[in-house]
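Written below as structure tokens is the structure these notes are about.
Which chain is which? They are A, B, C and D, in the order written, and residues in each are numbered from 1.
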Amino acid sequence: MEEKAKDIITDEQQEYIINIGPQHPSTHGVMRLVVSLKGEFVLNVEPHIGYIHRGIEKMCESLTYPQIIHLTDRMDYLSAHINNEAVCLAVEKALEVDIPDRVKVIRTLMSELTRIQSHELFWASYGMDLGGQTCYFYGLRDREMVLDIFEETTGGRMIVSYNCPGGVMYDLHPNFRKRVKEFIKHFRKVLPEYDDILTNNVIFHGRTVGIGPLPLKEAIAYGITGPSGRASGFSCDVRKHEPYSAYDRVKFNEVLFTEGDSYHRYLARVEEMRESMDIIEQLIDNIPEGPYAVKMKPVIKLPEGEYYQRVETARGELGVFIISDGNKLPYRVKFRTPNFANLSVLNHLVKGFKIADLIAIFGSLDFVIPDIDR
Amino acid sequence: MRSIINYLKDIFWGVMSLLKGLKVTASYFWRPGAIVTEKYPENRKYLVMFERCKGELIMPHNDKNEHNCISCGICQMSCPNGSIEVIPKTIDTEDGKKKRILDKHIYRLGQCTFCGLCVKNCPTHALAFSTKFEHAVFNKALLIKVLNKPGSQLKKGVEQ
Amino acid sequence: MPFDIYDFTSFTKWIDTSLENAMSPFWTTVTEMAIAGVLFILFYAVVGLFLVYAERKVCAFVQNRLGPNRLGPYGIFQTIADLIKLLFKELIPIKNADRFLFNLAPYIVIIVNFMVLGAIPYAKGLHAIDFNIGIFYIIAVSSMSVIGVLLAGWSSNNKYSLIGAMRSGAQIVSYELSVGLSLITMVIFAGSMQLSVIVEAQRTGWFIFKGHIPAFIAFVIYIIAGTAETNRGPFDLAEAESELTAGYHTEYSGIKFAFFYLAEFINMFIVASIAATIFLGGWMPFHIGTWEGFNRIMDFVPPFIWYLGKTFFVIWVIMLFKWTFPRLRIDQLLTLEWKYLLPINLVNVLIMAFIVLMGWHF
Amino acid sequence: MKYDEFGDNESLELLRESGSNVLLTTIDDVINWGRKNSLWPLTFATSCCGIEMMQTGAPKHDFARFGMEVYRASPRQADVIVVAGTIVKKMAPVLKRLYDQMSEPKYVVAMGACTITGGPFFLHSYSVVNGVDKIIPVDVYIPGCPPRPQALLYGMLQLQRLIETQTIESRKKRNASHNY
């Protein structure tokens, strides 16, 4: 009997240790959180990563630049297009290629659509994490429309593999404009429903307002980027500060809040969907004519040196760092992925909150686990 | 007194927000027109896929059962994970020269990531994507396909 | 009254007397119990399976989907397939589990369900037991189902289960108060605890209409607390899927899991049917004042249909709750009970008592 | 869908021949009818394919039509584990344990290239398991990266056909023959 008791109670302080994960509905993938509890209160959370470490950075060293792109798709699969864009921009920067305007606009449009579908999935899964299962279905219902747009143009639903160094793989489909407009019309209509179901719900407020607050100073110290950082007032939008592609020609607001709790992290994402729609509406009617890709050499060799390019994915700032030794294979590729940095703050946020809040905080940071492990 | 008013206010607004949510779900319940479900196995006869949809890699053949592949191996080289294997053979042509032609174009469907590099890089447009997606099998070995087998798909839409 | 053609009293009396003529009183009782038992098991299975199916369809329609539709017309045999599968699924013995309690827990939940089902009036005279303290009995017995949940959580040797069971314990203990008080409000109004008398008292109008605002408040509170007591969303903390995988029944598989699964739905049915009986007039048809023709037509609908209609309406509302609202946190759950529902309920009881005292009701 | 419209009928016939007992057929038919129409998947997803699996549950494609929408988070109550996404070497023991925790009858569907051969990570990665069939016995392979929702539905229909062919005896034999 004593043997048994020892298993359950780990030490004198009577911490109750439970494993959340690797297989658990609310970890959104395979992530193990070792949670020490006292009653319902969380004392400590220890994230164990590596359950989906696939060695993407190492693999990149044995692949050519066009081949690397298909791996970045699978890193943060919800912002697949933006990841591709980051690598392409880095390669193009290194080669000093002039990219046609059409490509820039196409990439921006696709990035914003990617952002919308990613935030829709966030909305859906956050609702489900908190127990509102219908949110999940409404979010995915509308996401399907974006996936249709993707599939018609790129042939892939979520993993698009649409970018290539020098442009994009295929031209936009003739139906693209019509479909995007249809989607935006539909989405503007259903967003108020999202608000009715979740954003303004009193139970949802109770679950998220004031839960896991992250002050601005700590957000900067931990390097929290993306909507999570902006909810704390950290102005970190790469699109604004270091515009790439066609972001310098569109007007949009950087969604900033100061509270930094789960509710505002959630709100930042919902507001960003509106901003993204604004961006798309500004660009969709004046896509410049021109070629959809620059002719590149069949074997792309970067000149010797180090290249860095950062972009704003749906979850934060993605940095691509390439060291080239002049060969057709990169010498070293490093991805600064937003989720890995955002994960570091988890323990700091959840201390003293309840186990149900752990789920709310974890969900509000919107992790994609393969992006953490790479 | 104020606290009691606030207390009642809280309750009122709380209940109102809940009713709003209920309104949305209940209204969908009474609107069967909003159902968006596609009935997949029943609708497969008239299911139209997007033309660029990547279902599997094919090598289109024309009506004489000829394909465009010159067995240069570029697809094999551009494939990031080795799902394509080109096995060439040399034959003697009528005028006595040696010519390298395709013996087997092996495609491992279970490994393909549909990045599209092979199709894009093919110099002779010998490869294309078909929209067929029904590939589920019980036997893994069936996922290794030989693309240039006689009687495979007729050549169409390759010129694009 | 024409709807007395659907009176089952004489029918049951007839069965009783004919049985008594045939055998000794002891065997009469045994036979009657056996008949009632078989009928209830059938009723339990049919209602349980139907409710599982109904929930899947309701949630599908709410979520713009079709729901199960491949087995039989509109997929009505879906749950039968589920049942067959669960029957033949392996029952895994859990290492270090308290074997006896682990096996006992599902049965406790089921038995409690049966005990409550027997006390509900389904139509005039269609009643297994008509206690004169019917409401008291129902409150007492239905709160016992928490024992099953607690045992399941405790004996599973699983940390998630234990947390789920403890949550469920706290939840049911506190929400029992609200259920009791809101029913007491109506007992004050009706002046009786006997369910058949309460239903009979609603012949001239359902209590929710007769009882002014306090009855309506009591109804709302009863629905909320009843939902909480059945461990359904948004109060499904005991099995909160996103936190505790499956809560107290994480370790159960096969038919034992099916018992928990069914019991949850039968609990919902019980809560809804008590709400229908006490607030919405049970098997009484809907009457509007002096509209004789309308009332006459309503009378021709059998009382059992009325009863089921009302019950399923309440069930539908409870299902919508689950599919609309996010889950509460454990402390919010208790705050809702102790800070909001209980005070309101107490005031409500006072108001109701005052109304009854002054004779202000219809 | 008719029998001829499905692919890979040859393997199915082989499986059908491997175990048939005339006496028990009616009972088996009833049990298989229940089993094949109520496949409850385990909520298990590691990467991209998991999102497509979620999308299959979404209103547009609706898993629920086949009675498969009851996603169980607890392996004890699940019937089928859809391995959606890459399995790396650190995850492999966990997957094995999850499979062991499931109660009989249990089925495995390998969804996506990563689970069949390692997919995008087949050649150069040092940490990816090249095919989950090295860890657990797989019933149906669904290629694609990730497979579209219809492809997953088609795979589940194939699994239903597989279940139809099984008898109590053949399942016993099958379990005995797997040494993982």
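Rule of thumb we're sticking to: a residue touches a chain if its C-beta (ideal position, glycine included) is under 8 Å from a C-beta of that chain, and two chains touch if they have at least 3 such contacts.
For clarity, every value in this text was computed on a predicted model and none was experimentally measured.
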> Counting C-beta pairs in contact, which comes out ahead: B-D or A-B?
Replying inline: B-D
> What whole-Å value do you get for the distance between subunit A and subunit B if each is reduced to the mean of its CA atoms?
Replying inline: 24
> How many angstrom lie between the CA centroids of subunit B and subunit D, rounded to a whole number?
Replying inline: 20
>> Between subunit A and subunit C, what distance separates the C-alpha centroids? Give it in angstrom.
In response: 45
>> Based only on mean CA positions, could you tell me how far subunit A sits from subunit D in angstrom?
In response: 30
> Among the residues of subunit D, which ones contact at least 2 other chains?
Replying inline: 59-60, 62, 65, 73, 120-121, 123-124, 145, 148
> Which residue numbers or ranges of subunit C touch two or more of the other chains?
Replying inline: 62-66, 241, 245, 323-325
> Of all the residues in subunit A, which ones touch at least 2 other chains?
Replying inline: 24-25, 63, 70-71, 73, 134, 137, 141, 144, 159, 197-198, 201, 203
> Quick one: do these chains touch in a line, a ring, a star, all-to-all (complete), or other?
Replying inline: complete
>> Help me check something: in the complex, which residues belonging to subunit B touch subunit D?
In response: 35-41, 44, 47, 53, 56, 80-83, 108-114, 133-140, 142-143
>> Can you tell me which positions in subunit D touch subunit A when the two form their complex?
In response: 42-48, 50-52, 54-55, 57-60, 71, 73, 75, 85-86, 88, 90-91, 94, 98, 120-121, 123-128, 145-146, 148
> Within the complex, which stretch of subunit D touches subunit C?
Replying inline: 30-31, 33-35, 37-38, 59, 62, 64-67, 69-70, 72-74, 76-77, 79, 101, 103-105
> Taking the complex as given, what residues does subunit C use to touch subunit D?
Replying inline: 56, 60, 63-71, 75, 78, 80-92, 241, 245-246, 249-254, 257
>> Touching residues of subunit D toward subunit B in the complex: what are they?
In response: 1, 5, 7-8, 11-12, 15, 59-62, 65, 113, 116-124, 131, 133, 138-145, 147-151, 153-155, 157-158, 162
